[in-house]
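What follows is a set of notes on a single structure, which appears directly below.
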Amino acid sequence: MDINVAVAGFNMTPCSSDLVTTRERMTFELSSGLFDDLGITRDDVGTYIIATNDFLDGRTISNVFLDAPVGAYMKDESKVEMDGLNALMYACMRIMTGQYETALVLAFGLTGYQVSPYLHIDYIMDPTYDRQVKLLNELSAAALQARCYLDKFGYSEELLDEIAAKDLSNAALDPYQLRQLSDISKEKVKGSDYLYEPLRELHCYPPTDGGIVVLLASGEKAKELTDKPVWIKGMGQSIDPYYIGDRDLSVSPSTTQAAKRAYDMAGITDPKGQVDVAEISSLFACQEPLLAEALGLLDQGRAADVYASGDTAIDGKLPINPSGGPLGAHPICATGLLRMAEAVRQLRGEAEKNQVAKAETAVVHGQDGVCAQQNVVVVLGT
Amino acid sequence: MEETREVQGAWELSTFKFRIEGDGFQLMLNSMKDAKLKGLKCQECGTVYCPAPFYCRKCHVFIDDEVEVSDHGEVMTYTIGYADVRGEPLDEPRVSCMVKLDGCDTWFMGVLDEVEPDDVHIGMRVKLKWNEERVGSLQDMEAFIPE
Amino acid sequence: MEVSYMTPVVPMDFTYNYRVGKYVQRYLDAFKDKKILGVRCPGCGKVFVPPHMFCGACNKKLDDFVELSQEGTLENFTVGHIIIEKGQVSAAESPYILGMIKLDGADSLLLAKVEGVSPGEVETGIRVKAAWKDKVEGDFLDLDHFEPA
Amino acid sequence: MRNVGIIGVGYTPVFVSKRKDVSIPEMISEAVDAAFDNTGLTPQDIDAITFGNMHTFEGVNMPHLWGAEHIRSLGKPVMRIATGGTTGMSAFQAGYYHVASGLHDVVMIVTYEKHSEGDAQVGLMGIITPEVMAMLASGIDVTGGKGMGAIGGGSAGGISYQAMSYLNHAGAGIEHIDGIAAMERRNAAKNPYAHLKDPNATAETIAKTPLVSYPIRFGHICPTTDGATVCIIASEEKAKELADKVAWVWAVSNCASDATTGNLIEGLITDPAEQMPCIIAARQAYERAGIKDPKTEFDVIEIYNGFAHQTLMFLEKLGVCEVGEAHKLLEAGELERDGRFPTNASGGVVSTNAIGTSALNRVTECALQIMGKAEGGHQVDKDVHKALAHGWGGLMQYVTVTILGDEPRKG
């Protein structure tokens, strides 16, 4: 399927644990910054899609005060209350109909300063059971997933240290990331405290403030706006059961289903051979190989070897999260779009210290829910 | 239909640390100490906002051009309240209105006093009645009254 | 230009009252007799605990409630070193075990506290049994924890 | 762009104040079951799902995750949409773009609200909680007792300002609000999926309900309702294969303005009764649908009216009649089910308001009228060829418009 929609540009904040701003100011600065970069005004934008979360913003209909600062005053705007990569998918559909030439996507999360990120998952949980039994939270659920994954393939906890060390050293090279740790090593990761075994603090994402806007454009319009359009080649999304007790937490069927949809559109039959770089929303170290397997980028059971060999490093055969991924920063709602932005930087050859050698096709992943219940996959190409 | 049991949950807004824009609002509050109202004007389209946001909604640019707006204006719409915010009946009906102050493009909401409900009409001229003692609080403005 | 922000505090939480629906209601009612109920899918035959309305894989409505054994196998666990309350993380007084237990006769895993075994010694595969509160009232917390069988 | 048709609708068996027998997802599943029963489709036929409600009324974040099995969604794409009062139609429009883009063939739109589990007043207050707290700290009297910030009679305050401004522009009176409210409660009495029903309502009986904040009375205000609505749409090819009767989507549109009514931290620049987004969205929809004369072309109209005056106000904003004409159409009986402009034959939002469903119900009611399947006697007397559905929400500033026809749109 020829989607014929491209990323014309994006603008993101360097992530922080305390971004001293307001939702409105950040939104205004993000969109006006992008308009300036592209030499356009808000009148050049056909439609707007916002991805924020009311429970994190502390407001009902949290987009009502964002329409004007993003530039949507007296314009068409809608809101996808999920990870921002889903909003990108919706914006892309709107352009695909031919009704709009351009679409601006906004997503941000203020879970560094304003609100605890762990409430996000608390409010997702079944209030008639999980919230009453009070056993599960985001971190304990992630730990159960980590244990399930490690046990299934007989990996030791050191695999998590290895993954986190790789991600955090990548993140230290990327000015957009929050966690900038010097001299990161497996030992240093292992020296961080257990939260829920086997997860240690540095295996988990940090509470983060950050935001991003992305402008999508139809093929022709994109070529007018930029010399370096990055094309959306495929996209897919899917969902798993709610109760973690009903799921095999060592695999992610919904990621596999989402990837299949995206790969079918993009004409990818051999992801390991055809994908050059992957940016995955792995909120916890264990999720990176788990999701990479579901994306068809890693063979099941080989994670320990592959990570030890350096194949997933920036200069490896299949770099995974060369930006450092969400272990570097996770502004909830914006994270999937940050992955997209990092992939676009790679495909444009603008990733500086994080640049991988060959980057023509990238896979980008976003997630929502307890233990990545819902997953979205987008394939980008030059 | 068989009734099932009820359990509780909460959205813990008390744990939030909110930041909201304060400059335009503060500008107005400060000016009120002198029984004046200050807002911002968009340098591009000329729209005057009071209290002002930091940007113009129409032109999508930062604005910082301070202007004073009049404390006289026109009733654009009004309502006569018979119940309080909880829906409890009020002892006496209470008139409140939206006013477009002269020299300002945004509307104010406030109590309309010193007039019988039956005599209120859209388009009537009103002015702000200021408190004698003003401290830079919304309480500095006692009510709108007929001009 | 220096920007100033207001930092309002909201003095209260928003509260809600949820109806648990018929599946959780039946599950809890059985607690009064110290029984654990699951529900069987007429399509794939799998038994889910706690019971819920649909089998996602078969898209079939479930109404065949079955009583499950009080014993099962610890399939997965985590040792908690922290607690999270209202989103805030703090250190736990002492490490504690959260387990996922496959009750005999069930196909899904039930999440529960595991006690009677030290966090340093717990391992998957051990047999565990339900430990109830002395006085059961049909409440979520009646099923207090699981302990080695 | 591909043509899209509505092939089926499913409601919960009742829309009432309190569903104490079911949990949230159990209630939603009833509407999903009804949609499958009504269409003969099964979950295998559905390619993707869009899902909407206003979650802060129930305190459940992204409730489609909890209800994934209940909405029969496993393995499928599910997109969650939330835009306030417009949510239902926003979710519908998202579904429309799923199909029109060519990405999916059959899409199910799922919406609900279970208001009894939360406090709707508090949920609405949630829109501006931090601002209200800041205003309190700056001396505002939120009870409206004195000074600035008299929002009028509580939650109806902003709405009362809108109603008064509208009446003034239109030259209408409170008796017309009474009249339209009565008409809709009578219509609701013939709709099995309506909440507040009164077959004997008249302007006089409505006028006996107490004033909240003039010109708004209790009898003009919507209830809070528990209920769910599901709608299934398909591409032209699939729709023809799967359904005997199809209501075709001719256009969707949507517009937002500023959101400052009720927030005194920033001034608002639009009259709450101006509703410019409605004018813009309608114009866009008419252009897309090839509607040349909105005054004559629609056989059925469904307006989002949380408050009764809005039926009249939005008819004018939508260009169905001139400013000042709506109340005359009401007086002449033209808005009744057997009139020239049957409006809210369903009873409207003022009779039934499970918020997430309310804007979708405007679309589904138009679709059922086109299909000739409106139940309980609320089918209009004439053949329905074209229908207009309207949604309203946000902090008084979102408007969605959807136009349906009895044949696929050409060109």
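Letters are used for the chains, namely A, B, C and D, taken in the order the chains are written, and counting of residues starts over at 1 for each.
Here is the rule we go by: a contact is a pair of C-beta atoms (placed from the backbone, for glycine too) under 8 Å apart; a residue touches a chain by one contact, two chains touch by 3 or more.
Computed from a predicted model, the values in this text were never measured in an experiment.
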- Query: Which neighbours do chain A and chain C have in common?
  - Reply: B, D
- Per Cα centroids, the chain farthest from chain B: C
- Tell me which of B-C and A-B has more C-beta pairs in contact. B-C
- Message: Distance between chain B and chain C based on Cα centroids, please, to the nearest Å.
- Response: 49
- Query: How many angstrom lie between the CA centroids of chain C and chain D, rounded to a whole number?
  - Reply: 39
- Task: Could you grab the centroid distance between chain A and chain D? Build each centroid from C-alpha atoms only and quote it in angstrom.
- Result: 34
- At which residue positions does chain D touch at least two other chains? 19-23, 56, 59, 68-69, 74, 123, 126, 129-131, 133-134, 258
- Task: Return the residues of chain B touching two or more other chains; collapse runs of consecutive numbers into ranges.
- Result: 2-4, 6-7, 9-13, 15-22, 25, 53-54, 57
- Note on the structure: chain A touches at least 2 other chains through residues 20, 22, 25, 55, 58, 68, 73, 115-116, 119, 123, 127-128, 132, 241
- Would you identify the shape of the chain contact graph, picking one of line, ring, star, complete or other? complete
- Message: For a test of understanding, state which residues of chain C touch chain A in their complex under the given definition.
- Response: 3, 5, 10, 16, 18-21, 24, 48-50, 52, 56, 76-82, 84, 86-89, 98, 100, 108-113, 119, 124, 140-141
- Task: State the interface residues of chain C toward chain D in the complex, per the touch definition above.
- Result: 6, 8-11, 14-24, 52-57, 59
- Item | Residue ranges of chain B touching chain C (in the complex, touch as defined) | 2-23, 25-26, 54, 64
- Given the complex with chain D, which residues does chain A contribute to the contact? 1, 53-55, 58-61, 63-65, 67-68, 72-82, 86, 89-90, 92-94, 96-99, 120, 123-128, 236-242, 253-254, 257-258, 261, 368-370, 373-374
- For the complex, which residues does chain D have touching chain C? 19-26, 29, 42-43, 56, 58-59, 68-70, 72, 74, 116-119, 122-123, 126, 129-131, 133-134, 136-137
